[in-house]
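Naming follows writing order (A, B, C and D), and every chain is counted from residue 1.
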Amino acid sequence: MAIIVDNDTKLVVSGLTGSEGRFHGLRNRAYGTNLVAGVTPGKGGQDVEGVPVFNTVSDAVGEAGANTSMVFVPARFAPDAIYEAVDAGITTVICITEHIPAHEMLRVYTYVRTKGVTLIGPNCPGVLSPGKANVGIIPAEVFKPGSIGLVSRSGTLTYQIGNELAQRGLGNSTIVGIGGDPVVGSSFIDVLEKFEADEETTTVVLVGEIGGDEEEKAATWISDHMSKPVFSYIAGFSAPPGKTMGHAGAIISGSSGTAVAKKEALEAVGVKVGTTPTEVAELVIAAAG
Amino acid sequence: MDLNEYQGKQLFKQFGIPVSDGRLAHTPAEARAAAEEIGGQVVVKAQVLTGGRGKAGGVKLAEDPDDAEQKAKDILGLDINGHVVEKLWIEKASDIAKEYYLSITFDRGAKKPLFMFTTQGGVEIEEVAENNPDALVRLHVDALEGYQPWVARRLVYGAGVEDPSEQKQISAIIGQLYRCFVECDAMLTEINPLIVTPDGEVKALDSKFTVDDSALYRHPDIAEFRDAGAADPLEALAREKGVTYVKLDGSVGILGNGAGLSMSTVDVVVVAGGKPANFCDLGGGGNAQGVVDALEVITKDEQVKSIFFNIFGGITRCDEVARGILEALERLQLTVPIVVRLDGTNAEEGRKILAEAAAANLYVEPTMLDAATRAVELAA
Amino acid sequence: MAIIVDNDTKLVVSGLTGSEGRFHGLRNRAYGTNLVAGVTPGKGGQDVEGVPVFNTVSDAVGEAGANTSMVFVPARFAPDAIYEAVDAGITTVICITEHIPAHEMLRVYTYVRTKGVTLIGPNCPGVLSPGKANVGIIPAEVFKPGSIGLVSRSGTLTYQIGNELAQRGLGNSTIVGIGGDPVVGSSFIDVLEKFEADEETTTVVLVGEIGGDEEEKAATWISDHMSKPVFSYIAGFSAPPGKTMGHAGAIISGSSGTAVAKKEALEAVGVKVGTTPTEVAELVIAAAG
Amino acid sequence: MDLNEYQGKQLFKQFGIPVSDGRLAHTPAEARAAAEEIGGQVVVKAQVLTGGRGKAGGVKLAEDPDDAEQKAKDILGLDINGHVVEKLWIEKASDIAKEYYLSITFDRGAKKPLFMFTTQGGVEIEEVAENNPDALVRLHVDALEGYQPWVARRLVYGAGVEDPSEQKQISAIIGQLYRCFVECDAMLTEINPLIVTPDGEVKALDSKFTVDDSALYRHPDIAEFRDAGAADPLEALAREKGVTYVKLDGSVGILGNGAGLSMSTVDVVVVAGGKPANFCDLGGGGNAQGVVDALEVITKDEQVKSIFFNIFGGITRCDEVARGILEALERLQLTVPIVVRLDGTNAEEGRKILAEAAAANLYVEPTMLDAATRAVELAA
């Protein structure tokens, strides 16, 4: 099984003819992802190393059977690309693009939610189901197949945790980078729900960071709905309040959103929280052993 | 991006929200001239991006132009929470009968704009929320439904505004503030206090305004508001170079790729017993120039005794980063010890490049924890 | 049971203090409808013959337990009143107001659909479940309780049909006037679906008219999903093509939308169609007998 | 409300859609003056609210002002499908390389705006839909998502437009037409043909435009377009009086309340062997003045030999209607037989009022069918 992307994924990349889209699209294909199409308006009929390029997502769905879209176009074109994918019948959209205005994503999000489509991102590293499919920029070689679901607001931090797990012999069912923007298509809870339902996933690691209250909400949801063990790492224990740390998510205002508050909320519902990536990996090992 | 009061008020005015007549002043002479033009009593207000201006002596009433000049002298140069006052807003003084509070926040949790309104304005809204929660009306707006007139009614009647003229004026302001919030791509617009004068006129006496950085490209007028002088000089340099940098107080300079990993790197240095000198995120790209720029910013801080350079390559390629480090060593003539940890995309090539360069102040470590420990030792 | 309105209906009338809203609201109450509140901004705290008036629908929900809203305000305020009701948690909205601009109703409709709320109208006579509740302007004395579901695009024509049935001793489970505007909250199919699920309804009479293709679509739906017998009357057999007959619905363009085409579509799926109101009543009697 | 070509083009122009330079003319002299101002070849086009103008000789090319004057003489006064030509649009003649078709309809069934686009323009779109359905691209827009640029791409690539400059121009027009459609509260906006000139310029050579009557209150400029002269004089009188009236060809005048019941009344008269003279809907209210107005309009038609007045009261009260009938009898001095059927709200009071008046030409019948039969007899 795995979640979001797997052997049934038929990927279309919006922006496949751009340099980044091409690099990562082909890298995803080299990993084994079924890359069936690219979309670049005006370049329909061309191909990128054998992958057919269409003018519209609708053509990619109709002619190449695409069911999953990766959006790799610049921020000012990305909302349009998401709408296009959703209205063309794509059921999973993974948006890598960063710097999409929050108000625009808000409208996209609200619309997409009414359509029952899974949207991951924007400003996210994508989704990897080791051994099955990789959609995005996650360095797949770091991870190996296994039963630990990994969900994170941060890209590189996810790789770090995956690396620590892999070094200890543990693999992943799926790694999901939900992104750190003010509005992301899927929250921790949305992904936890999928992991809970996924037969292949036995354990989940949730990688959070300071700012907002998504981790606190996830804690409540875990307490109410989750039967599988959850471990967590929170970044930003040493962050000073009131400063934005890189992306919009990472800001502490007043006493809410601190790493300590999140750790406490999670621990209160039985989630073991590590204070370094190494420690969380060791907690998972200890529980598994 | 946070806007100064006078900038936010300029936007308010564009959207029809009533504000007082005012002028910007950088010197006591300008303050006097402004007071002369405006006439009567004026308020001299420090324009700094921090709260608590009033308590810090940054807001003063002036009786006449002479007095305005004097008050400007008093306030200019004041240090308010680390922000030095360089600009003043000279505004016609208002008589205040009532102080209300109105704001719209971009609520990330609910994924909807959130209105907050109370007749208990003029104090910190957190206080009202805590001590008198029933007096605070909170109301979300659906992004697709958009603003509808009932929203104003829920807020105005819900907060117990009883005067029909006030109801009407405030309802109009609520609609205007929403348009302003959406059309300016704001993450926060706050009017505190929203005053009612003894004559029954409602207007915005202050403004707090945060604009989404990602949307500035389509608001060149707002982007120009950027207050280069207001930031920490290192942070200003970082912004100029396109580097995400936050100054901290320790001796271990930190550079990572990605906000999460960089934050985690700060944490791990603390766990290893060190004191981070900064938070610095190389961002998604991480080409050679970016590395040089980031190292230039970090090493401008004289407190920095060692640097921990922590990279997990994804979209960033470690070999590119390695080349950037070598280029920085040469171009910036760096002597401070740099501990490097490379993993992920092209990590092996990267390590090889660094090993071949064999620079005396370059230390390559296999894991994040090892690297942190080494960087802390070197800073000691 | 019955559908849409019944003994569980707790009605709030937006515009209760207006002359029409007052007349019909009180008439609905006199019939037995549980009228719990009125809403008129600025008149909160007053009452209309004992019915409390609130400033907002939210107050009417919170303080009087309203679950159904009847909108009786002028066209330029009606969309706002519908949004207000839906966002206040009202689950059934019946909008009597006519002349709401179609584009505005389109946005209202699209929004309301995502919320799972039942919207009837606008420009409709309302909904009557004889013996239980009447919400709108349907003259209840014409109808009596029974098992025939009646759904119609037209107001007065509905009364005519109901009258013909009542004169022959037949009663109704619920009478639904869906309205004749370009965008109405519930289509024939939406209402048929409810009648099909309603235990009290044994037979359905569908009253259509020329223009559009709602009757044709209903025919397809009846064929695919409906187990209960359906009878129909279509108005406009003698209407000339290309002329608008009163409301926006009643226009024939080219050969589509004619009464004959609709009759044929319905008869093709086994629906008996009368050419006068009297004939349809006789068809129902004949089948019942 | 349907707009004339020149009115639709005026709106197109406001929204940035390219149209040719043109002038309105009511006389041959005005047509000549217009042709002089425009210069070169012009097209003289009848402005009537009906199709098939070309085939009927209502559209002619003129070489010069003299010719334009002559062509105007030919066209003014023409009867095209019952519409007499009183206005001309004199427009700069365009060279045509290609003819496309673009429209947006308010799709009541799907409850979404529907775009249709094809490169097979210049003919009736129904023909294309039937004979060459693959050439017609149909695409719905979600009202909450609103127009997004991908819509234009789907249409332009889907229809096989290959020239990049055409793609760009048409994409822009698609977006502009959508804004025009929404902001003018249109039920239909159609450009047929949308031409490409030999120079590669894309523009709207015709316009078909229907505006939602219910939205006219917020478009006073469009409401002024109303072409009082263009309608049947009785229908114009009806509109002026606020009565919904459609002229038919028979002898039984019909007045009902509600569109459905009124249509049904027309049908029942036909079933009873009669010929309806009109369709007339009293509407929702039905106060005494409304009744008088409606009867005035109906009886202006000299073909009317009897009237069937069919009321089922809901919001309409039968006693009010009865009073209106008596008032009309007196004020209009009506002698034509009127068959009245009253049911629903206050029907008994209504019947009583009529019975007491005992007017000689007033017949009260108990059912719709009885009343229809009586009205048909009386018209014979």
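Everything that follows uses one rule, which is that a contact is a pair of C-beta atoms (placed from the backbone, for glycine too) under 8 Å apart; a residue touches a chain by one contact, two chains touch by 3 or more.
This structure is a prediction, so every number in the text was calculated from the model and none was measured.
Q: In terms of C-beta pairs in contact, which of A-D and A-B ranks higher?
A: Higher C-beta contact count between the two pairs: A-B.
Q: From the C-alpha centres, identify the chain that is farthest from chain C.
A: B
Q: Would you mind pulling out the distance in Å between where the CA atoms of chain B average out and where those of chain C do?
A: The computed centroid separation for chain B versus chain C comes out at 54 Å.
Q: What is the distance, in whole Å, between the centres of chain A and chain B, each centre taken as the mean of its C-alpha atoms?
A: Here the centre of chain B sits 27 Å away from the centre of chain A.
Q: When the C-alpha atoms of chain A and chain C are each averaged to a single point, how far apart are the two points in Å?
A: 46
Q: Could you list which residues of chain D touch at least two other chains?
A: In chain D, 142, 144 touch at least two other chains.
Q: Of all the residues in chain A, which ones touch at least 2 other chains?
A: 111, 114
Q: Provide the residue numbers of chain B that touch chain C in the complex, in ascending order.
A: Going through chain B, the ones touching chain C are 142, 144-145, 148-150, 153-154, 157-158, 164, 167.
Q: Over in the complex, which chain A residues touch chain B? Could you list them?
A: 20, 24, 75-76, 98-104, 106-107, 109-111, 125, 137-139, 142, 152-160, 163, 180, 182-183, 207, 209-210, 212-214, 217, 233, 235-240, 243-250, 254, 259, 275-278
Q: Using the touch rule from the top, collect the residues of chain B that touch chain A in their complex.
A: 106, 108-109, 111-113, 126, 142-144, 182, 185, 187, 212-215, 217-218, 244, 246, 248, 256-264, 266-271, 276, 279, 281, 284, 311-316, 343-345, 367-369
Q: Where on chain C is chain B touching in the complex?
A: Going through chain C, the ones touching chain B are 41-42, 44, 55-59, 77, 79-81, 83-84, 87, 111, 114.
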